[in-house]
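Labels for the chains are A, B, C and D, by order of writing; each one numbers its residues from 1.
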Amino acid sequence: MDPARPNDSATEKETGRLEAFSDGVFSIAMTLLVLELKVPTLSGPVTGAWLCGQLAKQWPSYFAFTTSFFTVLIMWINHHGIFKLVRKIDALLLFTNGLLLLMVTVVPFPTALVASYLRTPAASTACAVYAGTFVIISVAYGLLLLAARRGGRLLIHGAAGEVSRRVKDCFCIGVPLYLLAALVAPWSRWLSLGICTALWVFWSVGSLERGPAFRR
Amino acid sequence: MDPARPNDSATEKETGRLEAFSDGVFSIAMTLLVLELKVPTLSGPVTGAWLCGQLAKQWPSYFAFTTSFFTVLIMWINHHGIFKLVRKIDALLLFTNGLLLLMVTVVPFPTALVASYLRTPAASTACAVYAGTFVIISVAYGLLLLAARRGGRLLIHGAAGEVSRRVKDCFCIGVPLYLLAALVAPWSRWLSLGICTALWVFWSVGSLERGPAFRR
Amino acid sequence: MDPARPNDSATEKETGRLEAFSDGVFSIAMTLLVLELKVPTLSGPVTGAWLCGQLAKQWPSYFAFTTSFFTVLIMWINHHGIFKLVRKIDALLLFTNGLLLLMVTVVPFPTALVASYLRTPAASTACAVYAGTFVIISVAYGLLLLAARRGGRLLIHGAAGEVSRRVKDCFCIGVPLYLLAALVAPWSRWLSLGICTALWVFWSVGSLERGPAFRR
Amino acid sequence: MDPARPNDSATEKETGRLEAFSDGVFSIAMTLLVLELKVPTLSGPVTGAWLCGQLAKQWPSYFAFTTSFFTVLIMWINHHGIFKLVRKIDALLLFTNGLLLLMVTVVPFPTALVASYLRTPAASTACAVYAGTFVIISVAYGLLLLAARRGGRLLIHGAAGEVSRRVKDCFCIGVPLYLLAALVAPWSRWLSLGICTALWVFWSVGSLERGPAFRR
């Protein structure tokens, strides 16, 4: 009876498939992180205490695994939050989303790098690469948001303000601070990782404060 | 006609995407377990009997694989059962669910540890780590349930009793018994693993008895 | 208006989440098969012809990969066909489905075994394990079908006949022929693999002939 | 009230599950590509500059990773575009889709081959295998489209023209140009990879121009 109806439901299905596909990439990237946790190699006189020691020595792996897991989780929550504001999809949005997914799948690589090199003199390089990955991810988020806002036809009614606020978060908070984390890595690996972790907590608190958005 | 309707359906979609995302993590974690089954290395005079022997020697891997697979499966069934009681999602529920998923993706690591060290003197450490993982998982389930119950706004009508019963199962059965399994590991690896397996059977029987819940 | 409606749609959602979860396991198991295709190790004087030769020598891997991929694909199609006949889910169906998924995730392991040992004297053992896996998978399918048929409450109207026919296919064709393939492996690896491949073609043709079922 | 309705919705669910399953395979294949990015092995005197050098030397890996990621992404977008034109599924469509998914899961293998051998004399073979994979993928797309068009019963109203145009793109542009890329590999690895990349850009621009199709 309403000729606009079929069109609408087709659009929703469109967003749905893109979200489901992105969810797949996010969940696999999070799960593949575990492959970086290596079982200590059997060697020499194996005892319970020795295995404890070996496992304890791997703490950079556990730290990197946990940080990366929650970072990707928060990225997913943000992705989720963005697509709740999106009504239609066009090709540019599809490709900026693709760029973001590319960077999401990359995350296990710098994570493994930090886990392997955190206790070596090369830690600065590993931390700089790790923080640098998040610089690119912040840019990708910004581009995705700009692609969604462009022209105003793709967003749901009244979402432009929220999208603009998120663009500012990306380019005025995320990009410069992750860049700072990358640049301080040669001086202090801990400051570099600390900034990354602090930003993770910051994004979390941000979504906790905007909590009602998740219940709407 | 009913102004409350669009809101409701948006909420349902919300829960739907979280469930789909969690399903992705559960199914990938279950499938990655197979990567711990290693093909015996080609070496020396290879015969059919030799390969049989090599495969037979890997029984701790098969045992760990099967136990972990069914444990994660039952965790998924429980997760499924919990989210049938949940109507809305807020940020805290999102993060406690994230903590649970973190632990689900970790499961392949202690599984591989048990598979590698079950026949060595370090078995006690491996079994303690394995049981310890399930202590944390039980706590994560409890926190998820508490986050869902908190305030009472997130649950479907009349679900509070069932949620409270499940919280008690977590903190009064799951946590202390898995803790016991971790603590007895230095005395007997078999008792430790036996408790883990018995709990797996217990949770299964629990869901079999509550079977009608799955049909509703 | 219709008090039975909400119940019905809740049931459908239930089946939907189980199907989505199973789809996840099937698609991941199929994709993990590619990890068995190994890039030849760089060594000695590397030339284009040498790499061609190395890649050509890996033909058992390609053969095993393709066979296993299509076998899992057909298993998915069958799974799909079965769940189109299922209206409700109970705990036993959930666990028999879990057993089937366990065996689906295992498939990459015997596949890698065949790929590694097909050209060695241990091929008979590898082929027997490969065929043996499919014996267990056939039994798991049969149990799943029996669990679905049991009591008659879980199936859609008029599906009992089709389910019984599929049970017979499992126990009277699948199980004995895969068992035969496992038993002849010591005499001829090729006959063993040939029976597995022939059964794959047979199940395919079966679904092609029942084609209209997929269009309904 | 409308006896045709239940049938229709059953059909839509059918397409939905096939799309969800395919999405799973696409997203996993894209995510597994990251496993080819290897952390440099700890060895000798490790310094920040040394790690920079090691990471820089891996550029063929990053190049192959990025190209393959976007190629699979565009394949997914095309798959998505095709199934928007499909109304019903039959067994032949199911199997041609299976052939396409087989090739999608294979992509990480030639990608790793190019990454490992691009700087060796065997690069020609690696590039020819890489381009050859896309020849087969183009053929698989063409077969999928032919299976969808066959008989005309499976498409939505008015989609035959669009499907025929896509068939022509596959067989008259994709297949011959990827074949050319495979054949020129012995003369120039760069020309071979350049053709593959140019085609990736071409398919992208094609979907950008047909942008409105994604919004409909």
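Heads up, the rule we're going with is that a contact is a pair of C-beta atoms (placed from the backbone, for glycine too) under 8 Å apart; a residue touches a chain by one contact, two chains touch by 3 or more.
The shown structure was predicted, so the numbers you read here are calculated from the model rather than taken from an experiment.
Enquirer: With over half of the numbers shared counting as same, classify the subunit A/subunit B interface as same or different.
Expert: different
Enquirer: Considering subunit C as a copy of subunit D, what rotation angle in degrees (nearest 5) results from a C-alpha superposition of the former onto the latter?
Expert: The C-alpha superposition of subunit C onto subunit D needs 90 degrees.
Enquirer: Taking the mean of the C-alpha atoms as each chain's centre, how many Å separate subunit A from subunit D?
Expert: 24
Enquirer: Quick check: what residues of subunit C touch more than one other chain, meaning two or more?
Expert: Subunit C, residues with two or more chain partners: 20, 24, 28, 32, 35.
Enquirer: Write out the stretch or stretches of subunit B touching subunit A in their complex.
Expert: It is residues 7, 10-11, 14, 17, 20-21, 24-25, 28-29, 32, 35, 88-92, 94-95, 98, 101-102, 105-106, 108-109, 112-113, 116-117, 120-126, 129, 153-154, 186 of subunit B that touch subunit A.
Enquirer: In their shared complex, at which residues does subunit A touch subunit B?
Expert: Spelled out, the residues of subunit A in touch with subunit B are 19-20, 23-24, 26-28, 30-35, 37, 39, 42, 46-52, 55, 65-66, 69-70, 73, 76-77, 80, 204, 207-208, 210-212, 214-216.
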